[in-house]
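Below: a set of structures, written as structure tokens.
Below, chain A partners chain B and then partners chain C, in two separate complexes.
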Partner chain A sequence: MTSGLGATGLLTPLFIGDVLGGLDSIGVPVTQLLQMADSIAFIILAAIGLTVIFGMMGVINLAHGEFIMMGAYITTLSVNVVGLPLPVAMILGALGTAAFGAIIERTIVRRLYGRLLDSMIVTFGLGLILTQGTRIIFGNSLQSIGTPFGNVPGYTYSAYRVLLLFAAIAVLGGAYLVFTRTEFGIQARATIQDAETARTMGVDTDRMYTVTFAIGSGLAGLTGALYAPSATIVPGMGQSFLVESFVTVVTGGSTVLLGTTLAGGVLGTIDAIFSNLYGNFIGQIALLITAIIVIRLLPDGLTGLAHTIRDKLGERQ
Partner chain B sequence: MMDVTLPPRLKRIGNKLNGPNTLGNSRAFWAAFAVGMIVMVAYPLVRGSYAAGQFSLFLAYGLLALSLSLIWGYTGILSFGQVAFFGISGYTYAIVSLNLGGPLGQTVALPVAIAAATLSAFVLGYFMFYGGVQDVYVAILTLVVTLVLETFMAQTAGSEWSIGTVALGGFNGIPGIRNFALGVEGASISLSGSGFYWFVLGILLLAYLGARVLVNSKYGYALVAIREDAERTAMLGYNVKRVKLAVFTLSGALAGLGGVLYATWGNYMDPSVFSLVFATIPIVWVTLGGRESLLGAIVGTVIIERLRLWFSVNASEFAIVFVGVILMTTVLLVPRGILPGIKDSYVFFSKHGIRDGLERGRATIQTRIRAWLESLGVGQSDTETPPSSEVVRE
Partner chain C sequence: MSDNHVSRRSVLATGAAGVGAALAGCSGGGGGGDSGSDTIKIGVLEDRSGNFSLVGTPKWRASKLAIEEINDNGGIMGQQIELFDPDPQSDNQRYQQLTERLIQQEDVDALWAGYSSATREAIRPIIDREDQLYFYTTQYEGGVADKNVFCMGSTARQQLGSVVPYMIENFGTDIYTIAADYNFGQLSADWVKVIAQENGASVNNEEFIPLSNQNFGSTISNIQEADPDFVMAILVGNNHSSFWNQRTSAGLDIPMGTSTVMAQSYQHKRLEAPALADVYGGFNYMEEIPTDRNEDYVSRYYDRFPDAGYANQESVNNYFSMYMYKDAVEAAGTTDQQAVREELEGGMEVTGDQSPEGDISLQGPVHHMTHNMRVMKCDADHNITVEDERMIPEQFLSETVGIDLSGEDSELERQFTPTEYYDAAGE
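Let's turn to the complex of A and B:
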């Protein structure tokens, strides 16, 4: 694993640097593109776990930020204390959070299906306990691992942050494959669409809920793991993902992966432009206003728009 | 209180206060309420002015809890944004009163601050409810608005962020807000300690009784109808959006009133009123006390805040853990909150008698625990699978 990482570390910046240098010489605004890639990756990764759980199960997990924090903590501790190589630590972060999510679903969330607002409140309470519990156990911050790969050659932009865009795309693609091409995905979607019919067809719906919740939690953990090297590791770090992730859920609409992709693209671009020009706060305001406008115009979010377009095209054919 | 000997006018008021949407309507309830009020009024005389001053914070929070109970408990709209209106009002009060100075400035600042909170609630509510935003999305949007406000206020440390002579002060906030005062220069009353306590108590009492009248009126029935089934309510000819907007605006105003009292209580405002933790706290109060009970919301507030005060003195790092635990256990074990829980058990025991009631209660608890263990898959054979999997295995 370490050698693999080393090889990528050697190869990737060279490769990216060549391409970017070429683009820059023909007048492409590379710095802005890098920023956009960073923003889009952040928004997609911040939201993916939340949208899977909300889109598939209709449960808003308000401990989402804390699940991200948990992934980051497991990763950082595995590297710093146990001395595992970073990729292994990241996988461990995702898996650990997934396991925790499964336990939470079995013990708590399960009892609140059909009580949507109550499940929000309970997960909020869980989030408070996790944040403060982490602070009590591990103190106010952990030593950061440090960002691998250095800067993009020729630019002051962290190469790792740019690579995260590819990670985001890989995560979306992976989730798409799992939910559309596997036996589990089909059963899970059947459960979500009509639990009773799914049960009569022999699907263990209880298990589907647990596994789906675990996958969503695991994705949140993975996000934390991926950002562990470049973020400040503090108990409240999950909060910095909250605004973006919630805005994405609202803007994206009901179809999980399509919504996240579309919303990630649109919001990431807006965020990059406004944060770059006017600072982080105006970036957040711009996201919020975008979300309000999108909801005002498209009650079903961006996926609603996509479906309408698809239906219209279908009629024409 | 509701005696037959009361003059007709009082009786009419009494009739307006009572109804199906409040838990306590009996004469026994009002007698207990009167006793409670006497205790509350006498509190500063017994415990002294300092303790009363401390307690008046809980009462100011009570207004915030009432506002959440109206919007969430009665109308079914979960708003994380009540603290936003609370904070906006507090900040406005600070800015206006410090700019104008003197008791007249404070007198003017009070309505201006409440108007600012009301207006913000109206604008946000308009965009949400007329934009077709519903259920969880309302909760998410109000939460995001609150968090964005926190980000905004926290970055106002620079001197360019001043309104008039008042600097917004970033994380440090605005200090030096004067104690609550009403009147003009030379003929004003300034309130602190016991005086402030009685003033806040009076306002809270009026707000509580007013809210009772509201929820037991035709309008209140509409609120509950929207909570139970918004679509059907719309089919019956109610303008659901308008009713939602109106109650959201009203609850914003109520939260704003609480915000002014908060600002004058602590003599400062800082961005922590918009923080994630503070945004949750009202939800904890109302969940614990009983969201569908106005009095429950206030009682929950006092209990939680009392305990939080204890924690902040004795084990400050566990305060938030405690809040989280209370929130989770209440929703899971007493979903309706303690006041409705007490009322339910009172009704239960008076129906079955103590001994029979205890026996039934024990049986219920046993069944529940068994069902819970089963759902975890602990110690059960295949013959007793949870109901959901029964269909699967033929």
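Let's turn to the complex of A and C:
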């Protein structure tokens, strides 16, 4: 494995093995927990770019899967053709997709704000062009890069997939900080909430839209980059992220980053438990049924529930 | 075989293709027959774009190679072959539309079409309505007994009948099956059970995996927990290819048998070693077969298509069947489809350079091939070796069901399944 990430993985494998073995011996279902980490990470990372583009900006981006695919392609090609170390290739994957997103916003998406159905059609077409264009340029499949880190010590489970949970948390935390604690984040949210007022306050709203869309695209690209070592690199690969991503954003509700975290946690846990007990098919069904129940009972999504609880607590005080 | 799930793409494409099909239907025209023209018209519908282009493109290339070779050597009975090969784009509606067009407007003398079983079943009603001579060249679940259809690929029973007994003999009797969750995968899993029972083994665990699934964490830990002697992995499509990387990084080192992986979409060339280490497949062809005849074929294939990624199992079926058709037409002395069909039903031998896998023969009464089946092993460096080799005929239709399309069953147009004939299947 040529990956530069290898070193970190080798730090304390015996220690991790001992800890997990210890937990197992006192009855903690370690295998299920590993599966849960894997599922939660997948759901959060599948949704994260869409959280910004659909959740915040209100653009139904049906090319979301293709943005993920683009991140994976840039990463894989950077490793295989240019010979870059994996972490650098991953950063390039995210940045490259962000740059592509910025161009798409400037040329196409810009004209579609507030036109929900039109944005669906256009991004759907964009997705087709990206998939088939990739196929024409790079062929039907790329040589894949192997998965770093090997297995979780003592368990038949890929360590890399489990570590993605930490990547997911870091990405969520980073996005939260950017959108709540930076001047850019506040201006961006102001622009999306009320562009006219923001403009009168001196915010360059055009730039805000472009940068926000680019960030959403970049996050999708990062997801592709992170899954590149563990997925099959083909032009249609983005499709497999699409269901989870939309379900997560819708289930999450209006406060998008919190929503993605909550939805990722709930849906990932359900998926993991049912996959583990009854297989992947039942896991998928359980996930979708949970989403239906959540949307039926909580029309404002999980964050709607969180807000209600917060308001009730506030009243009591 | 392969996936027939509905994506948002196919939903939208359906509408468009439906309009096209309706328009195509207006043009009328009679079906099939000897057109009396000075070329022989052949239709080849193989996917060069869309989901199946990875496996469809080699099939198209091999058909083209065979046709060019035949034309360079004087054609069929002195007539050149005229090829009609629009790209069906992995879309079943488009397949239906193009099948209508090739039969009614182009009046093709023979048709090759389709990768997946879903595609074959989508166009078979049109084939039967028009009585069109049709060659289906993918490995598939088996059981199609249709007067107009000649199945050139090996069936699940032939492929699994080659690899499952080998695995039982070498690794043990406790089997864990993971299979793609659709028609082909489920019937293949049934065959694993039937063949296991015939060889004194048993399938003790079985999981069907949705074609959209690409996360195998729980599957891998469940396999490890059950700790079988070997796994039969009948995985299909690009998403399922992720299984091999994840299996390797999870450290699951139980030997695996397959009928689908490697030979069709060459995962051993696309995934980094050792993802496919200790995988054993039962196939009628892989490009690594170390015979002079095959090496000669492979070099012809790459000379013609230098950019090709692999000469897959299906592509060779396209190749030899074109020559088999040529022989049948020349023996019949006409391209009249009924006459050619009767010639084929008398049985054919495909030998020499025309059949890269080895000398094989057509079982006329059931329209299937006796194939030269091999157990091929992939090692940790992704080198392929032949571990076992024998001729395996189609047995299900010919022996179990007892079909004779050249005689009493000459009007049959249906597919038989193992659940109708075996208790072990479908349990």
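Heads up, the rule we're going with is that the second predicted complex is superposed on the first by the 307 of 317 C-alpha atoms of A that agree within 3 Å, B and C clash if a C-alpha of one lies under 4 Å from a C-alpha of the other, contacts with A are read in each partner's own complex, and residues count from 1 in each chain.
To be clear about the criterion, a residue touches a chain if its C-beta (ideal position, glycine included) is under 8 Å from a C-beta of that chain, and two chains touch if they have at least 3 such contacts.
Not measured: the values here are computed from a predicted model.
Novice: Consider chain A as the common anchor and indicate whether chain B and chain C clash or fit when overlaid.
Specialist: clash
Novice: Between chain B and chain C, whom does A:280 touch in the aligned arrangement: first, second, both, or neither?
Specialist: Both partners, chain B and chain C.
Novice: Does the superposition put A:146 against chain B (first), chain C (second), both, or neither?
Specialist: Only chain C is touched by A:146; chain B is not.
Novice: In the overlaid three-chain picture, which partner chain does A:208 touch, first (chain B) or second (chain C), both, or neither?
Specialist: The answer is neither, since A:208 touches no partner chain.
Novice: Looking at A:168 after the superposition, I want to know if it touches chain B, chain C, both of them or none. Which is it: first, second, both, neither?
Specialist: neither
Novice: Once the structures are superposed on A, label A:247 by its partner contacts, choosing first (chain B), second (chain C), both or neither.
Specialist: first
Novice: Tell me the contact category for A:52 with respect to chain B and chain C: first, second, both or neither.
Specialist: In the superposed model, A:52 contacts neither chain B nor chain C.
Novice: So, A:133: does it touch chain B (first), chain C (second), both, or neither?
Specialist: After superposition on chain A, A:133 lies in contact with chain B alone.
Novice: Could you tell me if A:239 is touching chain B, chain C, both of them or neither one (first, second, both, neither)?
Specialist: Both partners.
Novice: Return first, second, both or neither, reflecting whether A:231 touches chain B, chain C, both chains, or no partner chain.
Specialist: A:231: touches chain C, not chain B.
Novice: Based on the superposition described at the top, state which of 184-192, 238-246 or 364-372 belonging to chain C clashes with chain B.
Specialist: None of the options clash except 184-192.
Novice: Name the residues of chain A shared by its contacts with chain B and its contacts with chain C.
Specialist: After superposing on chain A, chain A residues 124, 128, 132, 135, 239, 242-243, 279-281, 284 contact both chain B and chain C.
Novice: Give the list of chain B residues in touch with chain A in this complex.
Specialist: So the residues of chain B touching chain A come out as 78, 127, 131-133, 135-137, 139-141, 143-145, 147-148, 151-152, 155, 276-277, 280, 283-284, 287, 317-318, 320-321, 323-328, 331-332, 335, 372, 375-376, 386, 388-389, 391-392.
Novice: Quick one: in the complex, what on chain C touches chain A?
Specialist: Residue positions touching the partner: 7-9, 12, 49, 51, 53-54, 57, 181, 207-210, 212-225, 238-239, 241-242, 245-246, 248-252, 265, 269-272, 275, 307, 309.
Novice: So in the complex, the part of chain A that touches chain C is made up of which residues?
Specialist: 31, 34-35, 38-39, 42, 62, 124, 128, 132, 135, 139-151, 155-161, 229-232, 234, 236-237, 239-240, 242-243, 272, 275-276, 279-281, 283-284
Novice: Once bound in the complex, which stretches of chain A touch chain B?
Specialist: On the chain A side, the touching residues are 54, 60, 106-108, 110-112, 115-118, 120-122, 124-129, 131-133, 135-136, 196, 199-200, 202-206, 239, 242-243, 246-247, 249-250, 279-281, 284-285, 288, 291-292, 295-296, 299.
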